[in-house]
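One chain, subunit A, appears in both complexes that follow, with subunit B as partner in the first and subunit C in the second.
Moving on to the complex of A and B:
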């Protein structure tokens, strides 16, 4: 059995047939996972310095040189690295006095922070399978982003106290701006206008207070909230839709969950995308007390000025590990990044490796190298590589760069 | 998916009984149930005036011809490989309490639906509730599919 590191569900029941060391038929792997597994045969990164192919030793020496000479280096990425690599990366960052940020800073950051700081209740996905009777997908579409979410945990499986599964024991509610594939198969769908999540939360709270909500379809909302209230064990799965929409009014989520918990039991599990984003947030929280946007320049500091968006303006070199910020961040930030000496550590070629001064190819974790990671609910999952590879792991590369300093 | 009325519109509508059935509507229903073939309607095949209808009928019947004995059609290009059908299938659940019943991949040899190479695949069709003459019109697999990648004839 292999573990799929294609998303943060870290499915552990994957069967892969090996045919002469190469991957053959796979079972239980979703389409997204299959793409992830097959990617090790496509478009791999090659060691390069200044755009020309180079030896791996030369690339590592050059990378160490760039980071050593930088006054304020930025280290970004981390969500696709194992827990051990993340810990080694933080040691390197302390030594360099670097600014460290990960993808959560522009993604699920604030909800993950609330969960990790225990400001809102959470539970594990195994609890969801065994006990949950209401699953609310708010601004998330797991059928597209985490294809096996509903079948493994949140809706279809039978659990200890949910023996009749989705037919009688569970209700799935989708709240989204569009009728997504998840909404199509949910029991209830509530359409929210883009940016209208805060208004909806306020309306839900007023229904819970016994007041008439100020929305167009009052009857529908009252029936939705009544169903939520009736639940014995409810779980909210907030996706990026909710994260971005509630960004300025974060306290509303706490208020709603608190209100629901007065009559029922509700937990929140953020729909983390990358397979070990939560692992990095947890590791950084344990070591520094912050989940992202940390600067090791003068002791330990955290703040919005150390987010990748701001740090790209002030830093003079960058180490990007397992991420592609040049294609995913806004053009102005990408341009800034492309203008500075970048060291890219990645299993695959991408826009960031294309603009990087030094490219160090790494083994794909979970496929060519083992390790451990935190699933979206914070449970640690250990895994081994599926195929043999001569490529260095993230951990080995970081150790060599540290030596080079 | 084509229905019996649409097939009927493409038959000669003469009720000639050459196929062995009393009406063209009965032939359309039999064709949809895969109890008859298009070739059983001899006027449609032999007479040149029905050439256009024959061509259209062959076109609409093509996806149905690929269906399994239970009438299940899988569109692999649409499938997400989410496994909802595997876990929702009541036969899979009954045969595999420690596998598909609790959301894992099937561990039983009798599994009807499995996800192989990222898309759903049918095995052990004879286990399906829709198999054979005394079928139950179960639709757990198609109702739970988010991408409409599986359907019944």
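Moving on to the complex of A and C:
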């Protein structure tokens, strides 16, 4: 059995037959996971320096030189590396006095932080499978982003106390701006307007307080909250829809969960995207007391000024590992990254490797290299590679760069 | 930006995610990414046909994509774009104190155009400047 590192569900029941450099029969992979496994043979990065193909040793020397000569290097990415590679990367960051940030900085970070600091209750996905009777997909669409979430854990399966699965024992509620594929199969769909989540949370708290909510369709909201209250084991799965909409009113999530927990039992599991983003946030928290946006320039400090959005303006070189910020950040920020010397460590070619001064191809973890990672609920999952590869792992590359300093 | 202003919300599409896993430079990734999905009421109001090219004009930039009739209606006034280097042309660099970009609450106008969708290699050249 293999583990799929295509998303943070880290499905452990994958069977793949790889025959002579081609994908054969597979079992249990979702569409996204299948693409992830097929990527072993597609669009691989090649070692390069200044746009020309280079030897791996030359690329590593050049990378070490760029980072050593930078006054303020940024190390960004992290979420697609194993726990051991993340630890090795942090040793490098300390040595360089680098600014460190990961993808959580522009997505789930603030909710993951509340969970890791135990400010809001959480549970594992195995608890969800065994006990949950209400799953709320709030601004999340697992049918698209984490395709096996509903079948392995949150809706369809039989569990210890949920022997009748979705037919009788479980209710799925989706709150979203669009009738997403998840909304389509949920028992209840509540439409929210863009930016309207804070108002909706306040209205829900009003209902829970026994007051009349200030919304257009009062009956629909009261019925929704009544169903939420009936739950004996409810779980909220916040997606990017909630993350972005509540980012200015973060306290409302705590207030809602606290209120729900007065009459029921509710937990929160953030719908982390990349397979080991939670692992990085936990590793950094253990080492520094912060989950992201850390500078090692002068001791250890953290703050919004060390976010990738700001670091792109103030740093003078970047090491990007297992991430493609030139694709995923706003164009103006991508342009700033493209304008500085970038070292890209990645299994695949992407926009970031194509702007990079140095490209170091890595073995894809879970596909060609083993290790371990934290699933979206914090459970550690160990895995091996499924094919042999001559490419170095992230861990080896980071150690070699550190030696090269 | 007057009466035709729309909210633009980015989202993840499983077919696009699969194509992305298999390579950012494929035609399939472009076809599934450079898209805006509109409620049928908005398609009608703007006089657009499914598959027609449109310019999405925001405060931070303009991008040409293909208009599609949404199958996730109703969401009048809300335009949906898969999160990609095309949609990121519309996301401003400026943020509030959270330093999280506004990926899901953008404003823009949508107008029919004869211009072509830029391939990802061209977007990249423009980023390199």
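The rule is short, and it goes like this: the second predicted complex is superposed on the first by the 401 of 405 C-alpha atoms of A that agree within 3 Å, B and C clash if a C-alpha of one lies under 4 Å from a C-alpha of the other, contacts with A are read in each partner's own complex, and residues count from 1 in each chain.
Please note the rule applied: a contact is a pair of C-beta atoms (placed from the backbone, for glycine too) under 8 Å apart; a residue touches a chain by one contact, two chains touch by 3 or more.
Note that the structure is predicted; figures quoted are calculated from it, not measured.
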Clash-or-fit label for the pair subunit B, subunit C on subunit A: fit
Which superposed partner A:34 touches (first subunit B, second subunit C, both, neither): both
First, second, both or neither for A:200, with subunit B first and subunit C second: neither
First (subunit B), second (subunit C), both or neither touched by A:66: neither
Partner chain in contact with A:392 - subunit B first, subunit C second, else both or neither: neither
Contacts of A:310 with subunit B and subunit C, given as first, second, both or neither: second
Which superposed partner A:157 touches (first subunit B, second subunit C, both, neither): first
Of subunit B and subunit C, the chain that contacts the larger number of subunit A residues: C
First, second, both or neither for A:331, with subunit B first and subunit C second: second
Partner chain(s) touched by A:85 [first = subunit B, second = subunit C, both, neither]: neither
Geometry of the superposed three-chain model: angle at subunit A (Cα centres of subunit B and subunit C, steps of 10 degrees): 70
Partner chain in contact with A:241 - subunit B first, subunit C second, else both or neither: second
Lowest inter-chain C-alpha distance for subunit C and subunit B in the superposed arrangement, angstrom: 7
Intersection of the subunit A residues that touch subunit B with those that touch subunit C: 31-32, 34-35, 143-144, 147, 181
Partner subunit B, residues of subunit A touching it in the complex: 13-15, 25-35, 129, 143-144, 147-148, 150-153, 155-159, 165-166, 181-182, 184-185
Residues of subunit B that touch subunit A when the two form their complex: 79-84, 86-88, 93, 97, 101-105, 114-119, 143-147
Subunit C partner contacts - residues on subunit A that touch it in the complex: 6, 31-32, 34-36, 38-39, 42-43, 105-107, 110, 141, 143-145, 147, 177-181, 183, 191, 193-195, 240-241, 243-245, 247-248, 293, 304, 307, 309-310, 324, 326-335, 338-339, 348-351, 354-355
Interface residues, subunit C side, partner subunit A - complex: 7, 9, 11-15, 17-25, 60-61, 70, 72-75, 78, 80, 83-85, 88-89, 91-93, 95-105, 120, 124, 127-129
